[in-house]
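Shared between the two complexes below is chain A, which pairs with chain B and chain C, respectively.
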Partner chain A sequence: MKLAIRELLRRPGRFAVAGSALTLIVVLLLLLGGLLDGLYLGSTGLLRAQQSDLVVYSEDARESIIRSRIDVDVRAAIDGTDGVAATYGLGTALLGARVPGETDLADTAVVGYEGAIAGVPEPPAPGQAWADRRLEAAGVGVGDVLELGPEALTLEVIGWVDDVSFLQQGALMVEPGTWREILASARPDATLPEGTFQVVGVDVAEGSDPDAVADAIAAATGGTTVALTVDESVLALPGVDAQNSTFTQIIGITLLVAGLITALFFAFVTIERTAQYGVLKAIGASSAQIYVGLVVQAVAVTAGAVVLGGLISVALASQIPPDIPLQLEPPRALFVAVGMFVTAVIGGSISLRRVVRIDPASAIG
Partner chain B sequence: MSALELRDVRKTYTSGEETIVALDHATLTVGDDEMVVLLGPSGSGKTTLLSISGGLLTPSEGSVVVGGNDISTYSPKQLTRFRRDNVGFVFQAVNLVPFLTARENLLVVAELGKRDAATARRRADQLLDELGLGHRTNNLPSQLSGGERQRVAIGRALMNEPSLVLIDEPTSALDTKLGEQVMELITNEVKSRATAAVIVTHDRRMTHYADRTVEITDGHLRA
Partner chain C sequence: MTLALREIRRAKLRFGLLAGAVGLLVFLIMFQQTLLGTLLGYFTGALENQSGQVVVYGEDARRNIEGSVLTPDQVAAVAGVDGVAESGPLGQGTFTVRADGELTDAVLWGHTLGGPGSPTTLSSGRLPEADFEAVASSIDAGSGFGIGDTVSLAGDAVEITIVGLARDARFSVLPAMFVSYATYEAAVLAVNPDAPFVPATAALANPVDGVSPAELAERITAAVPGVDALDRATAVAELPGVSAVSQSFNLILLLAFVVVTLVIGFFFLIITVQKADAVTLLKAVGADTSTLVRSLLVQVALVTVAGIVIGGGLLQVASLGSSEEFPIEADPALVAGTGAIIIVLAALASIGSIRRVVRLDATAVVSRPSMGGIS
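So, the complex of A and B:
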């Protein structure tokens, strides 16, 4: 192993090509992962923050919050279902907001809520909003009075909340009456009467089975509702599932390419060093010792690529405009690092067979 | 006890349907502190004999006893251990590790055998001093002359305190004067340690350094 480390330190140039290729792959993986996380987190924040166990939609909404309607009677039926401990109405309206001092409209999701959203205080007074911190990039500040919709209804931002964006729009969290007023102004065709929400969050009573409660709600509402778990409702958001699987496949293929680069590079290195390995075997090195040296080199080159690639990605991410949903998350960086190390070990191991087959007698001619 | 005993050793290779006999019923005994020169032309089987003696090849027939141990039945793993602990090799092409200094090329042997590092460093320094390379310990092979590289290779062969040193064409890449200097050095080092050595060469001028010369032709030994 010492031999392998000395070679790395004294002949770093020999590993520059593989190191550079792996660094670029790390950058690619981190940026792809950052985009995936940015798209996913930016689309799903409001639902991920739900503290309820179930989200109930109207059956004809095909699991779309915007199309769904839960009126007062249906809500009462849900409230009266066995196993339901509490319910919280929720509604959204997507529209542009005029920010003081800014020329462009900010994309916002006005969210009317009754509570049970992680990190968000109780609903504010009418005409006030807790603003998703991502709206900061659009020039929104605490104390600003935003104008929304064709009637320029006003909302005063009274504080920040984190990670509650919805479909890439920064959320403005308001009390239900304010939301209904804004929705009616922006979309008169979608005006909702007092007490009606788009969906209802359900807390399942302690000891009750959420699946059984979901079935009971469907039965109690005469089949006019569908109850999903929070995870299911996140995946039901338009594009989220397809987006996740597409990016995951691209990331998987990129990791495979990283493994191939490592395998090809170290296969080439092994061929190039056949004579040297023959001599080492002749003087008593085992195949295992040589193999461990190769894997150590593969992992060390990959570690360098992960560090350098990480720094480059952070630098690039800082230059990317805020409207591109790129979010570098520590768990993603850890996933990329672990993935790269696993491919390094597997890639380096491809040379094991070749190392075993090197004949020590080749040292002597 | 002899350092090396080859008993009726035969080594054959198959090439298509043809069987090539590289070594034919060779029997040779090398004493504990004896230095034997094995003289023969190219293709005579001398390298095969050296490889079998050092556990780099296994014989097709016969037995090979080194230091009282019959190595002809050893597994590849046992042979690796045997080479690491019991024999020293000097290769024709020298074959030093190019990115290691002279001292580190010697220490590789100790590192492979997981020997005590401080003891190994002392031994490497002592060997390099004896070989006249005390001032070159931190030089890379590319910074050494051909003769100096050969001396480092001799040091490497002696690093594990072997009972048998096997040397392949030590002077083939050197001019006559340098070749003689290297042979004198080998003789001094081997004799001062009472170690057995087999030196393979096709250069008849080198035979006077040996205690005994054995000729080999077409796989047959002739004393």
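So, the complex of A and C:
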């Protein structure tokens, strides 16, 4: 083991090729993971923040919030269903907002809500909004008066809230009347009457089974609604499920590639040093000692790659424009580091067979 | 050359495995490129293959068709811009429809019949001539969007009959139906009777002779307040998701190319180190270094070409086995282009092995104790 570390310290250049390749892979893994996290968190914040147990959509919306519509009579039927403790209307409108002093429009989701959203205070007064902190990157500040839609309706930002973005748009949380007014102005074809929301959050009464309540709501509304749990509604957002599975597969393949490169490199190292290993065995070193040395070197090279790759990723992330949804999260970095170490150990272990088969007699020619 | 071929003949398994590994990686690269092309086509097809050469969005939409709205005044103003030969409103939206008895999502593409916005890749049937007729994306013909099928929405409030099919005409990875603008308006009002009116999503325009689409787009943006006009190619490239998908796939492709290079490089390095004694002996008995390097390069080339052939063959197999809904095409130009890049990368990857061969010292053969030398 000491020998392996000494070799690393005295001849670091020998490991540069594998180290560079692994560093590149760490950067790729972190950026891919960062993109996945950014896409997921940026799309789902509003739904993840729901404190309700269920989200009710109109059946013909096919679980799309934007196409869903819960009218007053349907809401009343939901309210009257056994097991429903409380309901909260919710609606969204995606549009650009003009920010004072900025030339570019900010991508926003105006969200009309009645409560029960984690980290968001009670709905503000008409014409005011709690703003998602991600809008700071677009130049929005507390006290700003934003102009929205073709009629330039105004919204005053009165404070920040965190992690409530929707479909990559920073949320402006407003009371329902303000939302309906903005929706009708920006999308006349999507105008909704007083009391109508796109979806309704449902608190299930204590002791009631959410699945049973969901079925009861569907029955009470004559099959015109579908109730999903919050987790199900997150995955029902367009692209979220596909994004998760695609990126997870890509990350898995990239880790396999890391293992392949480690295996090839240390197979090469083992073959190159067959003679030296023969000498070591001849003077009493065991196959296990040599193998452990190889694995230590694989782990050390990987550790260097993880540190260097992490620093490069952070530097790159700081230069990436804010409209690219890249979010480097500590749990993701930990996952990448653990994944890389596991693949390094497995990759390094591929040489075990070669090490065991080295004949000490080869030391004498 | 003879040396290289003889070695391959005597170690068929070893070189065969490498050619197989390279072949799999080449297949992965080409398959991803094909997948990317198909997927992007599904995202953008209807916009790319319609007759409007200039797309005019509402300024607030930030070039996102889903967020765009134009007032009737803006649509009328576009028609009056100098250089516009013809123009008209476009209504685009995603609707829950019933096709073949099943609820599904579909995109309506409402345009002025005979004006800009008509499908340009009609493969069978005819263009719509009246309201409530549609040309659908041909790939979805088997899912209730075939000629003669009726697609309904908002219960049965709106029924649309398919009269034609167009190639590469999906939009946002959904079935698309090219209908009259009035049909689109009827669909919106059926779904939301509370809508006071139905605004156009965008406007489409074609330039007069002598004016390019890009030039006309600039003129429209300058002349009509609150709009952002783009030529069709730019509008396609700016669609949400297109650049993100392209960038993600390109990143993966880059990684795959790096891996191919590393695999070839490491493999030949290992082989060179393994046979260092034999190569040293060859040098000692008079073999020229350039001959030995040539032999190495011949092996690299043969393995790489074999890998490309295997990869191309696998792509052909994949194309034969692909579904109608997601066809994979084995494009010879793609195989040739990718193959050329792989050959260049393989040549670069063999530099390490070449250096090893060049640096082997012929005198080492007599300094080995087992040959009576003093090390």
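To be clear about the criterion, the second predicted complex is superposed on the first by the 364 of 365 C-alpha atoms of A that agree within 3 Å, B and C clash if a C-alpha of one lies under 4 Å from a C-alpha of the other, contacts with A are read in each partner's own complex, and residues count from 1 in each chain.
Rule of thumb we're sticking to: a contact is a pair of C-beta atoms (placed from the backbone, for glycine too) under 8 Å apart; a residue touches a chain by one contact, two chains touch by 3 or more.
Not measured: the values here are computed from a predicted model.
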| item | value |
| --- | --- |
| Chain B versus chain C as contact partner of A:I217, first or second or both or neither | neither |
| Which superposed partner A:R6 touches (first chain B, second chain C, both, neither) | first |
| Touching partner for A:A305 - first (chain B), second (chain C), both, neither | neither |
| First, second, both or neither for A:M340, with chain B first and chain C second | neither |
| First (chain B), second (chain C), both or neither touched by A:A236 | neither |
| Which superposed partner A:V200 touches (first chain B, second chain C, both, neither) | neither |
| Touching partner for A:L294 - first (chain B), second (chain C), both, neither | neither |
| Comparing the two partners chain B and chain C, which touches a greater set of residues in chain A | C |
| First (chain B), second (chain C), both or neither touched by A:L95 | second |
| Which of chain B and chain C A:R69 touches, first, second, both or neither | second |
| Doubly contacted chain A residues - partners chain C and chain B | 364-365 |
| Parts of chain B lying in touch with chain A, wherever the complex brings them together | 47, 50-51, 54, 56-57, 77, 80-81, 83-85, 89, 91-93, 95, 97-100, 104, 108-109, 111-113, 156, 160, 168 |
| Chain A residues within the chain C interface of the complex | 17, 21, 24-25, 28, 31-32, 35, 60-62, 64, 67, 69, 94-96, 105, 107, 149-150, 184, 186-193, 196, 239, 250, 254, 257, 260-261, 264-265, 267-268, 271-272, 364-365 |
| Touching residues on chain A, where the partner in the complex is chain B | 2-3, 6-7, 10-11, 275-276, 279-286, 289, 360-361, 363-365 |
| Chain A-facing residues of chain C, complex | 58-62, 66-67, 69, 71, 93-96, 103-105, 154, 188, 191-192, 194-199, 226, 241, 248, 251-252, 255, 258-259, 262-263, 266-267, 269-270, 273-274, 352, 368-370 |
